[in-house]
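Step one of this worksheet: look at the structure below.
Lettered A, B, C and D in written order, each chain numbered from 1.
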Amino acid sequence: MALSEYRFRRRVQFYETDVAGIVHFSWFFRYMEEAEHALWREAGLSIHPPDSDIGWPRIATSFEFVRPLRFEDEFDVHLRVAEMTKKTIRYECTLTKNDEQIASGSMTIACVRKKPTMQGIEIPQEIADRIRAGR
Amino acid sequence: MALSEYRFRRRVQFYETDVAGIVHFSWFFRYMEEAEHALWREAGLSIHPPDSDIGWPRIATSFEFVRPLRFEDEFDVHLRVAEMTKKTIRYECTLTKNDEQIASGSMTIACVRKKPTMQGIEIPQEIADRIRAGR
Amino acid sequence: MALSEYRFRRRVQFYETDVAGIVHFSWFFRYMEEAEHALWREAGLSIHPPDSDIGWPRIATSFEFVRPLRFEDEFDVHLRVAEMTKKTIRYECTLTKNDEQIASGSMTIACVRKKPTMQGIEIPQEIADRIRAGR
Amino acid sequence: MALSEYRFRRRVQFYETDVAGIVHFSWFFRYMEEAEHALWREAGLSIHPPDSDIGWPRIATSFEFVRPLRFEDEFDVHLRVAEMTKKTIRYECTLTKNDEQIASGSMTIACVRKKPTMQGIEIPQEIADRIRAGR
């Protein structure tokens, strides 16, 4: 059955913090991507198999920040496949700590053929069979 | 006179690329922030002076990606102060390479008093005197 | 009983790779530090408690690289406390994948009092009681 | 004439700092590599040209840290080609701020043929003609 969401718990690493004493905002996009790749693995896929002809460039992404994360905080990442079109996937992501909202984000990726030049293509059926938009 | 924009040229570093052969998307947010801090310096300010009582957490940010950047590419970052309210600043940012659009982003920051607990405050006058929204 | 080593398994994240298709070498130092902080937690300590008067700057570190790591590889990090002097701790670290050696590193940290100026001090007894050099 | 050293000045970025208020030690290796790649460019080369058959994996690297760097500090990086063998290059690197020593490092890289399997090869003559060990 196709997967439409993924959750994992993670701890803030020292190198993710900045001089303001909190996680640098650029890391939230990496946390969201970690969840994406884990969802694909859980679905039996890799988003970047060796020597693959297709790729998944990011088209747009955003985050809204509500509360900061600090060194050694444990937090939860919940990623949901919000929408799938013929050629794109849009995720929505929520970060929480002890059930308090930390941040929420979204990311849209497109399926492309890499060669001869990068060009948008339809998502292969074997991938659409394993990942689907949730309700 | 108050500053409302900043431009700089930068080169892609090796450690900013990923196995897809392009700059990892999380770096665009760092490029935008580099421009922000350079704008503040150009305006005679630091966004994080030692022992300051106030801070500037990021409230929301987004990017749309049009073309990739690759190792050693030179590109231009143009940051503009799009809006200033009593308590927030919103930037808009464009990345280009040889006048071709690479990506465009935005970022909203808020002025906060750090202690005793983090709380939104009005932007100090000496900062509002040096940074202003462009037209 | 004082701890002298720590092991954990970890997966290579996409943003840790570079255009050469392998993990960028700067990440190995972060993997080693992740193990260090996990060892401290396992020993009931934090290397950076909020508002602590002491700190642990890195004095020297090195790595030798034998085989590369690639996207989604799982690998093992083994950190050992190789030596403790009155004021410093030296770790040795080995990374392996399926029992094949990937890299080996070392790191020496010093205990410092942060204020009024940073200065080396003796390691507090409550820390020395919880972390010790292995044989 | 072959190049044997390179110097550049750089400013600490916000995202390079950590919660201890200083540049995270993993960044020093990236600063050293920035200098390496700039030296190669100055010598008319790229260390990673598109579609190249050869690569330059890092074999060993180390740093000793004397003084910390902080947000917005300007510092100087001096990289020197300390030794070239038939198949390897060893660099030495010094970081200073206002002529005070910050840190010193070294890095050894090897020339490899990438396919069919990664294997050490002799440094191509056109590269040896442009980069040489200093005295």
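Going forward, a contact is a pair of C-beta atoms (placed from the backbone, for glycine too) under 8 Å apart; a residue touches a chain by one contact, two chains touch by 3 or more.
Because the structure is a prediction, the values reported are computed rather than measured.
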| item | value |
| --- | --- |
| Given subunit A and subunit B, the chains that contact each of them | C, D |
| Interchain centroid distance [CA atoms averaged], subunit B/subunit D, Å | 28 |
| Distance between chain centroids, defined by C-alpha means - subunit A, subunit D (Å) | 33 |
| Between subunit D and subunit C, distance of the C-alpha-averaged centres to the nearest whole Å | 23 |
| Per-residue overlap in subunit A, given as positions that touch at least 2 other chains | 14-15, 19, 22, 26, 30, 33, 48, 70-71 |
| Topology of the chain contact graph, where touching chains are joined (line, ring, star, complete, other) | complete |
| Subunit A partner contacts - residues on subunit B that touch it in the complex | 19-20, 22, 25-27, 29-30, 33, 48, 55, 57-65, 68, 118 |
| Parts of subunit D lying in touch with subunit B, wherever the complex brings them together | 13-15, 30, 33-34, 37, 41, 46-48, 50, 70-72 |
| In the complex with subunit A, residue positions of subunit D that touch it | 14-15, 17-19, 21-22, 24, 26, 70-71 |
